[in-house]
Every structure is written in C-alpha cells, then in structure tokens.
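Next up: some structures, all given as structure tokens.
Look for chain A in each of the two complexes below; its partner is chain B in the first and chain C in the second.
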Partner chain A sequence: MSNDTDESLSEETPSFLAPRRKQLLIGRRGVVVSTLSTVVIVGGLLTVFYLARGGREVRHFYFDPHDMWQAFVGDHDKGLSSVGRGLLTNIWVFLVSEVFILIFGLTIAWTRMSRSPVLMPFRILATVYSDIFRGIPVLLVFLLVGYGLPPLQIGFISNLSVATYGCIALTLTYSAYVAEVFRAGIYSVPHGQLLAARSLGLTNATTMRRVILPQAVRTVIPPLLNDFISLQKDTALLSILGVVEAVNAGTIYQDTQFNSSGLMVASLLFLAMTIPLTRFTDGLITRDRKRRLASS
Partner chain B sequence: MSAPILELDGVVKRFGDNEVLRGISLELHRHEVVCLIGASGSGKSTLLRCVNLLETIDEGKITLFGQSLNDPRIDPDQVRRHTGMVFQSFNLFPHLSVLENVLVGPVRALKRKRSDVVEEAMHLLERIGLSDRAKEFPDRLSGGQQQRVAIARSLAMKPALLLLDEVTSALDPSLVGEVLDLLRDLAASGTTMLIATHEMNFARDVAHQVVYLDGGVLVEQGTPEELFTNPKHDSTKQFLERVR
Partner chain C sequence: MRNLRLSLAGLITLSTLATVSLSTGASANAAALPALSSCKTLIGSEEFTKGKLTVGTDDPAYTPWFVNNTPSNGNGYESAMTYAIAKLLGVKKSNVVWIHEPFDASFAPGNKKFDFDINEISYTAARAQVVTFSNSYYDVQQSIVALKTGKIVKNHTPAELKTYQYGDQVGTTGLTYINQNIKPTKSVRVYPSLDNAVSALNAGQIDAIVVDTPDGQFMASNGSHEITNAQKKNIGVQIGQFPSVGEHYGLLFQKGNKLVGCVNSALATLRTNGTMAALQKKWLSIYTSVPVIKP
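Now for the complex of A and B:
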C-alpha cells in the first residue's frame, strides 16, 4: 500500500442493509403493514361514530333510510320537493355555464395577451375584469346578479329565470379563473414555437390557432377540469336565490320533517357527480406525467 | 454585379443599455452565401433576427429587395414569407407530423391548397433523405433529422433568402455532418444564405464571403481565403487561433 492514501477515505466495508424500521415496509410485508393500518384507522373512526353518546341520534337525523328515500323522490302531496329532481337543475346550470365559461375565458385570456395597440382599452378592461371577479366571493356575485339585475328593468335582462341569473353569476366568476388557466397554458408553450411559426410568415391569429393552442390544451386540461369540479359544487349556491335545486330541496325536507337525511342525500348525489370527474382528472394527470417521463 | 438583395447600412440594435449591434453594414447578392463568424454574444443571431423582423432595429437601415424594412407600411408577415429562418433548437411543431411541419407554411401562411403542396413537400423530404419518415412525429427523430426537417420546412416557402442561426450548435458531433452536407447541397444549387456558424471548415468551403463580428462590430470581411489565411486584424487572428 502506498502511504499517500487520503485519510478522509474510510477503509471499512460499508453495509447496505436498510434500518430495521424501514425493512418493515419492504415488498409484500409492506403491503400487509399498510393494509392493517388502514383497517385500524377506518375501523377506529367507525367505532367512535357508533359508540359516541349522540351516535344514535345523528344516525337517525342524517342516515335514516326511510327519510333518505323520501327526500330523494319527494312527495307532492306533502309539499316535499325531490332532491333527485333538484339535482337536475344543478346539472343543467353546470352544463350551460361551462360552455359560456370556456368561450368567455378564452376570449379574456386572448384579449389580455394581445399586443395590438388597437385592443389596448379591451386589454385594460379584461385585466380589471379578472381582478374584480377573482376577488369577489361567488356568494356575493350570486346576490348581486340575482337581486340586482331584475329591478334595473332593462329589457329581457331583467326578466330572466332565477336559474339563469345563477348561470350568469357562475359564468362571471369562473370565466375570470378559467382565463388565467388558459393564459398559463399558453405561456407554457416554449417561445421558440412562436418564433418558428412567425418566421414562416404565419399571422398572429394563425400562430395561436395552429401552433400555440393545440400545445397549450394539453397542459390546460387538468387545471380546467379542477375548476369544473368546483363549478359543479358551486351550483348549490342557487339555493340562496330560492331555486329548488338539490340542496334547497334537502333544506325544505329538513325544515318540514325535522330530519336532515335529505342533506345527506344531496351530498351523496354531489359526490356521485364529482367523483367520476375527479378520478378522470387524476387519471389524465398520471398519464401525462408518465408520457413526459418516457419522452425525456 | 447586380444590386444586392439584402443591404444593411449602419444597423444598431440595443437591449436596454446593451448595444448588441454597433453599426453593421453588409451586402448580400442573389446566389451568394455569407457566413457570419464570431464568439457567442458577438451579435450574429441578433443580426439574423433583425433581417427577419423578429427584432426591430434602433438605428440604421435594412433594405430587402430594394424595400426599406423601416417603412411602417411593411407587413412583417410578408417579409418573413420570403426569408426562411432556421434556428439552433430546430423548433419543430411537436404536435404535427414531419409532413405536416413542412406543409404548415405553404398551407397556413400562403393559403395554398393542401393537395397542391403535398407533392412538393414529399419532394423536399426526399431531398433531405427523410421521405420514409413523413408520417412520424418530430420526437421520434434524431437531432440531425429534426434539423433537416426544419430546413425543409423553411424551404417549402420557397424563400428568396435563407437565414440560418447556428443550426448545428445543438447537435451531437456525430450528427453535425448530415446537416452541413444538406447546406452544402443547397449552396451548390444556388440558394442565397446568410449563415451564423461556429463551423470554420464549413464556412471556408461554402461561403463566398466570411464576416467576422466581435462585440457587435463588423471587424473584418472577405473571401474565405482572405479571412482564414490572411486575417488583417489582430482580434480576427486571435479568434481564429482560439477556435482552431
């Protein structure tokens, strides 16, 4: 051995075994351990719920099968609205708003990003719009639109159905968010793409449509779907304008039958509506991530 | 000699306080190949971008086919349709197939009928040796192949002038050859080109004129023999010694 060996280098043979606690989580043993802990946690929560002093009452008030069914189907003779039918209102308001939100969102994003001097006033307007409607709570927008537009008495705008005012309120608020999602997506496309397209002599609009947007869509879809999940839930705000949608039907049942199972039904119905979309969005994100990892 | 198709006269470009081009004057004639050499940051790329109106100049004048690009009535899109530009980083459109990349200029900018252009595009792909990859997407190609497609995409516009911005700088050394061969082929068939490059042997082979830039100043210009074998200025000599 030479005597100029660096003293900072260890002469010991290293051991690569994981520490004992980490070994528990390796391979099949790890699956067993984590399954066990899941069962313990969920079982514990259920036990607490069942054995709690007020458990019986809560189960009766929120989970009574008879009341849940009655709230779901409604009863015309007793003046009970159906939670299930109410949900149809939530769904159509969601679908209609969604279309307008996509159109306005893209328009606002486009306007904010344009550099043409002609569009300057619109650009300022779009920026102010985004700032205002991302800043006001949705609840307030509902109240302002629902109770503010009718007394104005301007043509058909003041004579719309209450649910339509709900659509307007949702569109106003969500367009501002969705515009930002579009803007982020457009900015995520590398600058070289823009240079290449413009240097071919494509106009600004053609570059946007044929080169930038097709690439931006990929990045935009997951955050866009997230906004739509939250839009689905916010249709419940229609109830404060007096529309008998799912939540309001549940409240009516609660106020007359002194049982809150209708609200639980509404919750379950909202979950049935949002979970497919959340799962789909998560799936897309995972797939996109895998593709990116594979290509780099 | 006929009138130059491109003429730069005292061109100055600033980014804030940073003067990137300091009064560049230059001429380019039809069928001529001019190579711009110089260290990174000497202003080669900026000069090309100014010709293509991707940047606006602060002083001086650029004349293309007898028309001043300073004229406010000039439509940049029209200028760009006649001056092809190829970038260091290829910038192919990843969502379009190789063939669609080549078609996008004629179809979307010139509004020509797709069916009329497909045959031309396939000829171009044949010329660059990639006609069998027409349906594939850019990410399936090597860097050298992508850059050849990018050149074909520019050529599809039948540009009067081709601007090439260090087109081999982002390539593996083993892939540089195929791209330079294509450029040699284009030069031999009379394509007018303004080429920013770090490949000195290539510049010596194909250029009619070589221009040495240093810190935004045109230091020296001449035929390859003059500039490479007998550089007059000290800074040119030093630069050539460093890259050799």
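Now for the complex of A and C:
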C-alpha cells in the first residue's frame, strides 16, 4: 500500500520509467516512512476491528478458530461437509477447464482471424459465439447447461457428472474471453513481422506458428493469467448445481450451525490458491517491462 | 424447511399431530413462564418498534405456511399462528408489521430488525447458542419426495433407500436427516434453494428430495406447480414420512430477548386451549395421511 504513495512522491521524472528499486526506496528515510505508515494503517484497522462494540460477536461469527477447524475437516455424523475436501473439486474443475479453455480459445481466435472464403460460416459462428458467451452471466450458463442438457436425452451428453457440466459451462464462457485475449495478442505483433516472414518465403501457417504466435503469447500471458484467477473463483458456481465444493460446504456449515467461519475458511483457501498466481503474474509483468526498457 | 433435527436420542416416535403434550418437554421450562396479563405491559417496553409487533419472514413465503406469499393476510399456518400469538399478547392485528428477513440474515450478528422471525426454523442446540428460540409451535417430521416415475416409489426398504442419489437444500433438516439416518452410498447434492433441488429432480439428476412433511405434501399436490411436466401436470409424489426424531420449529429471537418468555406463555395457552391443533387442522390437514417409512 505504502509503496504506491512512495512511487508518486518519487523525485525521478518521469518516475514510471525509473528502475523499480529506485522508485520504492529513496534512501533510509523512505524505508522508515513506509514502515511507519504501514504499521499505523494496518494497526489502526485491526484496532477498530478489535475494539468495535460488536467486534467480539463478529469475530466469533466469522473467525472462531474451533468453528473454522470443524468446517475445514467436516463432520460426517452431523451432516457437515468438509470445506478442505470441497476445495479439491474446485481445483480439478479449474485445471480441466483451463486446458479446454486454452484449446477452444485459440481455435476461436484463429477462426475469427482467418481470411479463407471457405471458412466464412465458421467466422460468423465464432463471432456470434464470443458475442453471446461474453454477454450471458456465467451463473445462467451454469443453469442452462446443468439443468438443460440432461432432460434433452441425447446419449452420453445427457448423462455426464454434475462437475463435468460445470466444466462445460466454464469452458463455454471463458473460451469466449480468452479468444479475445489471443486475438488482441496476435494483432499486437507489428504487421512488419508478418511481411518480413512472408518475404523470407515462409508459408502462412509457418509464419503464424514460428513468428507471430511466439511473440503474441508473451504479450497475452499476463491477461490470460488474470482470466484464470477469476476462473478459479468462478468454480464456486458449481454449488448452484448441487456440487459440494468449498463454498457450498462453508454454506452448509453456516446454515446448520449459524456460524460463518466455514465461509472464511473457504475464502482463505481460495486466497492460498490465487495469491501465488497473482504474484507470479505481477512478476512476469515486471520482468517483461524491464526487458522492454532495456531494449529501447 | 430451514431446519435441523433436534438431536435428542430416544424420543418416542409420534405422528405429527399427536405430539401436542409431549414434544415441548425437551425445551420448556413451564415454571418460569410469565403470566400473560403481565406481558401486556412488558411487551410495550421490549418491542423493536414501540407500539408494533415486528415479525420477520423470508420472501417468497412458502405455502402452506403462508398463502399467496402475503404474510399479512392471516392465511397459512405461520401467519395464523403469528396473529394468534399477537392477540394473546394484546397486540391489535393492525399493529403487527411484517418485514422481509432472508434466512441467512436472520442469524447474522448485530441487532435484529424484528421482534421475532417465523420461517420454519428448527431448534438445535448449536443454533441456540447464537439466537434464542421459543418453544415449539410445530413438531415436524421428514418425508421423501420423488417423481412418480422413479424407481424409489416402489422400492424403498431401508437397504434400497441407501442406493439412491439424493439432493437437498443447503442447511435443511432434510439434508442432515439423509446423512445421519439414511446414509446413502452416493454423496448428497446440496443446492442453494429448494427450487434448484426441484429443477435437478425434474432434470433427472437426483432421485429424491427429503423435506418437511407439509412442504413435501404441497410439492406433490395438484395445487403446486413445482414438479411439473411439459403439460404443467404435477408429476411429483410424496412416498412417505420418516418417524419423528423430536424435531420442532421455534420462533427466532435476538439472543437474550426478554419477549421470548411472553411468547412461550402465549404458545402454551394456544396448545392447551386447542387453538394450535385447530390451526394445524385448518392449514395442514391434508398432511395427516402420510404413510410412515423407515430410514
């Protein structure tokens, strides 16, 4: 938090071009000031939380250690599901969906950018697809897929597991977003690269594979990871289809015991999943920026 | 609906309506009940809004507990019960104010915006640490609802019951009942609302739902549009109800609210003078002929 304020106070002009270390810590005074302001702000918030009139009640309702542990491990005899076990469902659904999203996303992007006249109907389809699925709330896609496909009675498609329907819903929605990210990335590669590659005698496909995509992928990795962070959280929507994943297990605990600590456990577990990814994304952005600054 | 069974071992198996005198024994402390005459003065000083009795319930308010989602019309068991209590406490009908209180909000920390909440909430010891419950105003049992075409309609011995895919609404007694008493081999699907569970039943994703007997009977009756086919015909059936486990509904109060004593006095009077049984007969009478099955 305090780092941001230091950045704006930096004497370097223009400050955003200066090496990051320099922006952050202007000598020893900077360290002292930033530490102090962190302690004051964080300490102040904690004090308010602890001394508020209803603080005790709120702490018990959301952060009771006993309830948090109970919710984490679950208790089958009392009909309480384990939030920790629920998270495993979130994780596998996330991983499976991610793979399919990357494949479909790239396919759609490729189709939309193709020039061949034969592919015209597919181009229209791909455009309509990404318009529709970026426009419908994910929740509704879950309901449509989860409650709409089974009664249709079309072979195996109507007999999949509920979590699989969740994967399908997530893939349908996120592929549309990811396709746009890929498209933007491919368009961000300067046209000269294409011309140069073609003049070297490379085919269209080879140009794409060897010249354009490697450069595009580097640009799209941070926004892609961003999409995957929100994908991780959207796996919680599986609960609408009855899957007992982390958030659903937390809600079961809450509604049964009248205590929301289980939901806090779910939040903490989600944080434990997403924070490494957010930090990694930030690191990538910093590294990329440094490299670009060095080359210019 | 939003309820959990009372975990009292060894309570006698009783049919829903025959429990009049026995079931409150678990939580009643008859000696401490204040006289109704003294309540008329006490209630004035304790009310959330002075001069009004503020009562919370969820929206939508389900039949047969309410009728037409209008708590203030006095129809339906919980609405009628509320006005019967108000009358004994000396509150005029026009001074009963209904507010919308979602179930999750009714037990959240902080000052409650109602005098009591009436929303088919079952008493449990764990819940009673967070809020205060009145004594029972309805003793409830769990029942099985399925599609008329389901295999479970004919095959529901205790051993067979274990083999089905169940689904239920989060936080309900039904859900706990499945896990504790039926103990199915497939893990239960848990939905945010009963409507989602019904959608799953219609879609063939689950074989059965376990709900409070009156709710189950309503879901399977022709007046309900919950479980329907393309011709809008009801295709649900209530297979039977399980023996009582001593579960009962209580009115929900802010922890330590002094009004609960007076409301308990009113409930005791309604029980002894037969009003409670009469209201159950009037609003829940179709629910008396449900066969009992074993988990």
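Here is the rule we use: the second predicted complex is superposed on the first by the 270 of 296 C-alpha atoms of A that agree within 3 Å, B and C clash if a C-alpha of one lies under 4 Å from a C-alpha of the other, contacts with A are read in each partner's own complex, and residues count from 1 in each chain.
Note that a residue touches a chain if its C-beta (ideal position, glycine included) is under 8 Å from a C-beta of that chain, and two chains touch if they have at least 3 such contacts.
No experiment lies behind these values; they were computed from the predicted model shown.
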Give one of first, second, both or neither to describe whether A:211 is in contact with chain B, with chain C, with both, or with none. first
For A:126, using the defined touch cut-off, is the partner it touches chain B, chain C, both, or neither? Pick first, second, both or neither. neither
Which partner does A:192 contact after superposing on A: first (chain B), second (chain C), both, neither? first
Looking at the overlay, does A:251 come into contact with chain B only (first), chain C only (second), both, or neither? second
Between chain B and chain C, which makes contact with more of the residues in chain A? C
What residues of chain B sit close enough to touch chain A in their complex? 52, 54, 76-85, 87, 89, 91-95, 104-105, 108-110, 139, 150, 153-154, 157
In their shared complex, chain A is touched by residues of chain C numbered 2, 4, 103-104, 107-110, 124, 126-127, 129-131, 167, 170-172, 175-176, 178-180, 187-192, 196-197, 199-200, 202-206
Under the stated contact criterion, what part of chain A meets chain C in this complex? 54, 57-58, 60-61, 76-79, 81, 143, 146-148, 150-151, 162, 239-244, 248, 251-252, 254-260
Would you mind writing out the residues of chain A in touch with chain B in their complex? 190, 192-193, 195-203, 206, 210-211, 214-215, 295
